[in-house]
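I've put the structures underneath this note.
Same chain, two partners: subunit A is paired with subunit B first, then with subunit C.
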Partner chain A sequence: MPKQINVALIGNPNTGKTSVFNHLTGLNQQVGNYPGITVEKKEGICKLPRGLKAHILDLPGTYSLNASSLDENIVIELLLNKNDKDYPDVAVVVSDVENLKRNLLLFTQIKDLGIPTILVINMADRMERKGISLDVELMEKRLQTKIALVSARKKTGIEELKELIINHRQISTEPCVNASSIAPDYFDRLRKAFPNQSLYKLWLVITQDVNFGNLNRNSLENTPDFQTKKKSDLKRLQQKETIVRYQFINGVLKETFKKDVAAAKDLRSRLDRILTHQVWGYVIFFGILLLIFQAIYDWSSYPMDLIDSTFAFLGEWTKDALPSGVFTNLISEGIIPGLGGIVIFIPQIAFLFLFISLLEESGYMSRVVFLMDRVMRRFGLSGKSVVPLVSGTACAIPAVMATRNIEDWKERLITILVVPFTTCSARLPVYLIIIALVIPNERVLGIFNLQGLTLMLLYLLGFGMSVFSAWVLNKILKIKSKTYFVIEMPDYKLPLFKNVGINVVEKTKSFVFGAGKIILAISIILWVLASYGPTDEFDRAEEIVSEQYGETLSSEEFENHVASVKLENSYIGMMGKGIEPIVRPLGYDWKIGIAIVSSFAAREVFVGTLATIYSVGSDEEKTIKDRMAAETNPILGGPLFNFASGISLLLFYAFAMQCMSTLAIVKRETNSWKWPALQLVAMSGIAYVAALAAFQLLK
Partner chain B sequence: MKLTIASLKKGQKGIIKQFSHDDIPLKLLEMGCLPGNKVELVQTAPFRDPMYLNINGSHLAIRKETALLIEIEVVE
Partner chain C sequence: MIQEILVLVTFLIAVGFLLKKFFWKSPQKATDTGSACGKSDCGCH
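Let's turn to the complex of A and B:
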């Protein structure tokens, strides 16, 4: 069997690299992580003609091989290390026909590494509209490569690209720009000191602080007969290299690329006139946010109600269908309600990812960065913090990783520290059920749903809290840093349905399975803890109830009382009772206490836990919400979930740092336990105080 | 006073002459902000910061503090 061809897909951000990847691999793709770090690793298998196959690795988008972020490091380390199992047989550089000049910079760098390199010129369908004509043949000759004109949107050129991949051995590996011309002496000395290495690789190792094989920067600098240069001199040389490369590219494009300006119809400037307007820009941005939250609340309520009642029915059905016993109880009272607690949020999470993905694909997100930079800077953040803060509404983990393109360390650190305040999708389950219980389902002003407005307020509270704590941190933290803010403003594009669809499915899947595993495990443990007890009272529950009430109870009432006596005396009941003094001032009983403790690792467990606790010993087919509404407060009387305790719970979950995974990611991204520890202590403290104040004032 | 990108009016164009600071970020050069290139101020956010530029067909936004470091000659 012929070996698979290893293909690395490389390109600037916003060139449609992901669309090309999706076309090559279809659904034959998987998203994982690079070992040891959290950069997303996307790979897939592509079926080529004549029974051949290619392994496609979609590398993170980068503007050049001069790494300034972790994502970019990945690209360089792979391309420098011939022993890596993913080391490409052929590199495919994806470029956008309208930004060819800038995109070719990366191309020339890759080419100079001596890897056969194919150039994909994407968005070829826009050429006519933009008045662009290309002399592809001449360009191939000048760049010593093969070019595929592709339109990911119109699905053209993909087959040609596949042919080029098969025939990659015919592509010249000659460099197109001679980097050594920027400092001939220096490169001469490099060549003499390390005769067996590629010159351009050596140059990258010296300037980048990355390793390849056994060669790293230190070993280069400490080689006796080789004198390197000062950092500032190297930096100047790097600038010179960039200029030399651009000179070459300008020369090539002058001969091969024509743009008839008169033919260009500029959608960009017309849209930007409104979308980045000093007033309308903000109005539109706010409107879009409002639309998203209304959609999440209103549209997803239908599938959610369906899922809720389906799981209630399923639990009941299993109980009837399976022979009664411990195992049946575990399934119907432990696993099914636990799973129901997570499946129910699929509609909302999918909606959220859908919107975020649409905003990013269309190019609008960059405009938001532009609009918000100045405002955010006042709080020690950057315009680029908006993307993490908005993604934080889906999940804090990708949001913390999305801070990597913030150049300034202080701005980046503050963003990381405050991101967990934004309302992530794991809080949604908690918010939704409590809002449904304590906020009336009415409309104000005819259009706004009161529950939807409450949810929006909670989102605003999350944003407000992150911005406020950023402001505080900006005053406290003494970190000096001086960096620059640069962001590309890509062209507006109609989002590709396929890209958005794949993104939504992938993200939702990883959320459900990632969280699902924890929730399933915790719901089993909880069920065991709730079904057994250490004391005599637990075993004698029937007797106790009989003694207390005699023969006055119907058999159903009798069963319910037995169940509640059992729950109180079970292991979990005792644990809950143990922490009750701490949570009582917040308006909670011991059952909520248990739910808070068990959701320490992950917030969304809260609802699953309550579902499990309340379904133990219950015979009727009821939804979680009905059961919670029926609970009464043992001390104050009245429903347990009333306005005061509801708001207190909402505030507690808005502020508390209840997510192990986020703490782990923050540790990894900041490389210190100091910052996650600070987050945990500060956020939990704020949560407790806010919940306490709310309950005491409102009760 | 030297003219910099920060002194451009909306819609005005200039040619980049040089950088008044040695430590100009490489990323800016990589994105096409090079001496000799034409630059146009497309749009500004409130308080003229950040500034949305079109540099030889490459669209990017930079902060005013960075714009002040890039010297230009106004052409139209």
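Let's turn to the complex of A and C:
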């Protein structure tokens, strides 16, 4: 045995690897850089019993041997290069007792390279508090290794680790996972082409682009006997390797690792017991939701009123300050009301994202995902679908993209198809204005704001519809599948207010600027279409009103009637009249019909459109809400926005697929027009039927 | 007359913006099918 043993200390970040290194080396440490790069190289000498010494190299933290950064690459380059002076005689993989499953992925990969590998299970002092029990002997047998239970904090287990390092030659170098099982045909060809090489090392050379003695990826690809695969195929095989490894790890942990949650005594475990409880978990979650929606309404009403009246004043002021003419009218009646229709919702959107960020930052959101997994499974989805569904409350586009971490195609497809039902921030302006118009601002039981409760019900309706549609799709789609759900629960912590602030500002900014440009453009087009008309009636509006009413009208009434005749005979009026028969049974007039059509591009355009249409030809300083409240139903009489038509509109927007960008992203993610077309037809159909039923029952 | 021209120009800019936003595909995006894993935005990393 040589006098000095080369030891590589490897592990996931935050496993206490450096603490173990400090205990092993004491003050005998050197810190430098790896040649040519700025990654820190820490090495030291550990004095072992019987006069032996170990050279300990503390390698950069890495989650696996699938490198994605420069410092992770260093680990692989060292482990593959036997000629490196630091090539380890023994590898020590440091793991955290609370995250063994994730940590063992790296362990199995290193062991499969044929290097004697010791497993250090750190933070062993926490086991009792966390209710964890380990069958170390059986685990050693299953992993074919030696295990040291260490507490770097309490300095226990270090001497046992030193003994294991001395006796490293007794550790089996048999692999944990048979590499051939990942792709038998491919590995057979690999074995035939390179009979003297380790299969797993070859696999890493192919997938990681690192050197392995005289072999590198280029030389492998140029070998005549061996045809490698496309990058995308190799990526898929890498994913398969990870799944195979986790299947092995799950099997080992099932036999050797027990966590009795009821026996755990620490604060986190106690909180987890309550927050993920089968009954109390849901009660607390819905309580928090209730609080959020109440606060959104109560806190944001003052800034909203201020913004609304400011824009109304601004429209009037522009008209007075600029020279009179059509362009001034375009600014005061088209652009300013259109923009006001989006800016007014900034306070509520900011409050919503403030609460969502606080829940995410505190670590509670992961508990919600875990909690909802139980519900989701009954409807053919997994807990992983919760993340896209929760993201969908901001926007369906990132939510659809977030489904990429769902391995199973059927679950992923179903999640993509149902995500647009969740209430995205673009629906919020529509909901808020309609609720303000048709739901009384009253308290229920003296505590709950009725408008806040309605908004919460709409969020739950969207979520419920997603889950119900998933259940239906799960029955209809004949795709075989099997999947599993893994989530790491972060520790509870006080939210970092800087992070929360940045998140709120970024989300609100992207909503305002992303939607704002579209709304501005549509407002301009709508104003032009509403201010010009092709027919004789449009030009003769004054004459028509004079003939109809004579001298009986005040000048204000006369102007209002002229504006009304002009609007009806404008381009947009004629288009609106064309689609009126379709929207009339839902309780809408042609103006709402136009707003629905224009908001097909993006839902939030609805309010801006109505604000623009109702402002054309009007000289009064009125808020958007006032103008909408003053509209009367031309056939039934009474307010146009009443309880029946309001609920009908809310349901229409809850279910309708009014977002071109979402359709485009679904096409990209599914690589087919079939699924977005299905989404568009089905969601529009459901929206129409629900809105029709609501109006006909409530009118 | 100037105001009429300004309205026409503003209208054309608005129409152009919406057409570009929803119907014009950039050459880079047009070739990206998005199906391959391994790109920085593929969601696997």
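Keep this in mind: the second predicted complex is superposed on the first by the 435 of 699 C-alpha atoms of A that agree within 3 Å, B and C clash if a C-alpha of one lies under 4 Å from a C-alpha of the other, contacts with A are read in each partner's own complex, and residues count from 1 in each chain.
In the analysis below, a residue touches a chain if its C-beta (ideal position, glycine included) is under 8 Å from a C-beta of that chain, and two chains touch if they have at least 3 such contacts.
Only a predicted model underlies this, so the values are computations on that prediction, with no experimental measurement involved.
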Would you check which partner chain A:Ile524 touches, where first means subunit B only, second means subunit C only, and both and neither mean what they say? second
Have a look at where A:Tyr63 lands relative to subunit B and subunit C in the superposition and call it first, second, both or neither. first
Please work out whether A:Val326 is in contact with subunit B alone, subunit C alone, both, or neither, and reply first, second, both or neither. second
If we overlay the two complexes on their shared chain A, which of subunit B and subunit C does A:Tyr246 touch? Say first, second, both or neither. first
State whether A:Ser269 touches subunit B only (first), subunit C only (second), both chains, or neither. first
Between subunit B (first) and subunit C (second), which, if any, makes contact with A:Asp373: first, second, both or neither? first
Under the stated touch criterion, which partner chain does A:Lys235 make contact with: subunit B (first), subunit C (second), both, or neither? both
Which partner, subunit B or subunit C, touches more subunit A residues: B
Touched partner set for A:Lys101, first subunit B, second subunit C, both or neither: first
Using the superposition on chain A as set up above, list the residues of subunit A that contact both subunit B and subunit C. 68, 232, 235-236, 239
Quick check on the complex: what are the subunit C residues that touch subunit A? 2-4, 6-7, 10-11, 13-15, 17-18, 21-22, 33-38, 41-45
Quick check: in the complex, which residue numbers of subunit A touch subunit C? 68, 231-232, 235-236, 239, 323, 325-328, 330, 401-402, 404-405, 517-518, 520-522, 524-525, 528, 601, 660, 668-669, 671
Provide the residue numbers of subunit A that touch subunit B in the complex, in ascending order. 63-64, 66, 68, 98-99, 101-102, 105, 232, 235-236, 238-239, 242-243, 246, 268-269, 272-273, 276, 278, 366, 369-371, 373-374, 383, 407, 483-491
Subunit A touches which residues of subunit B in the complex? 22-32, 34-35, 42-47, 49-50, 52, 56-63, 66
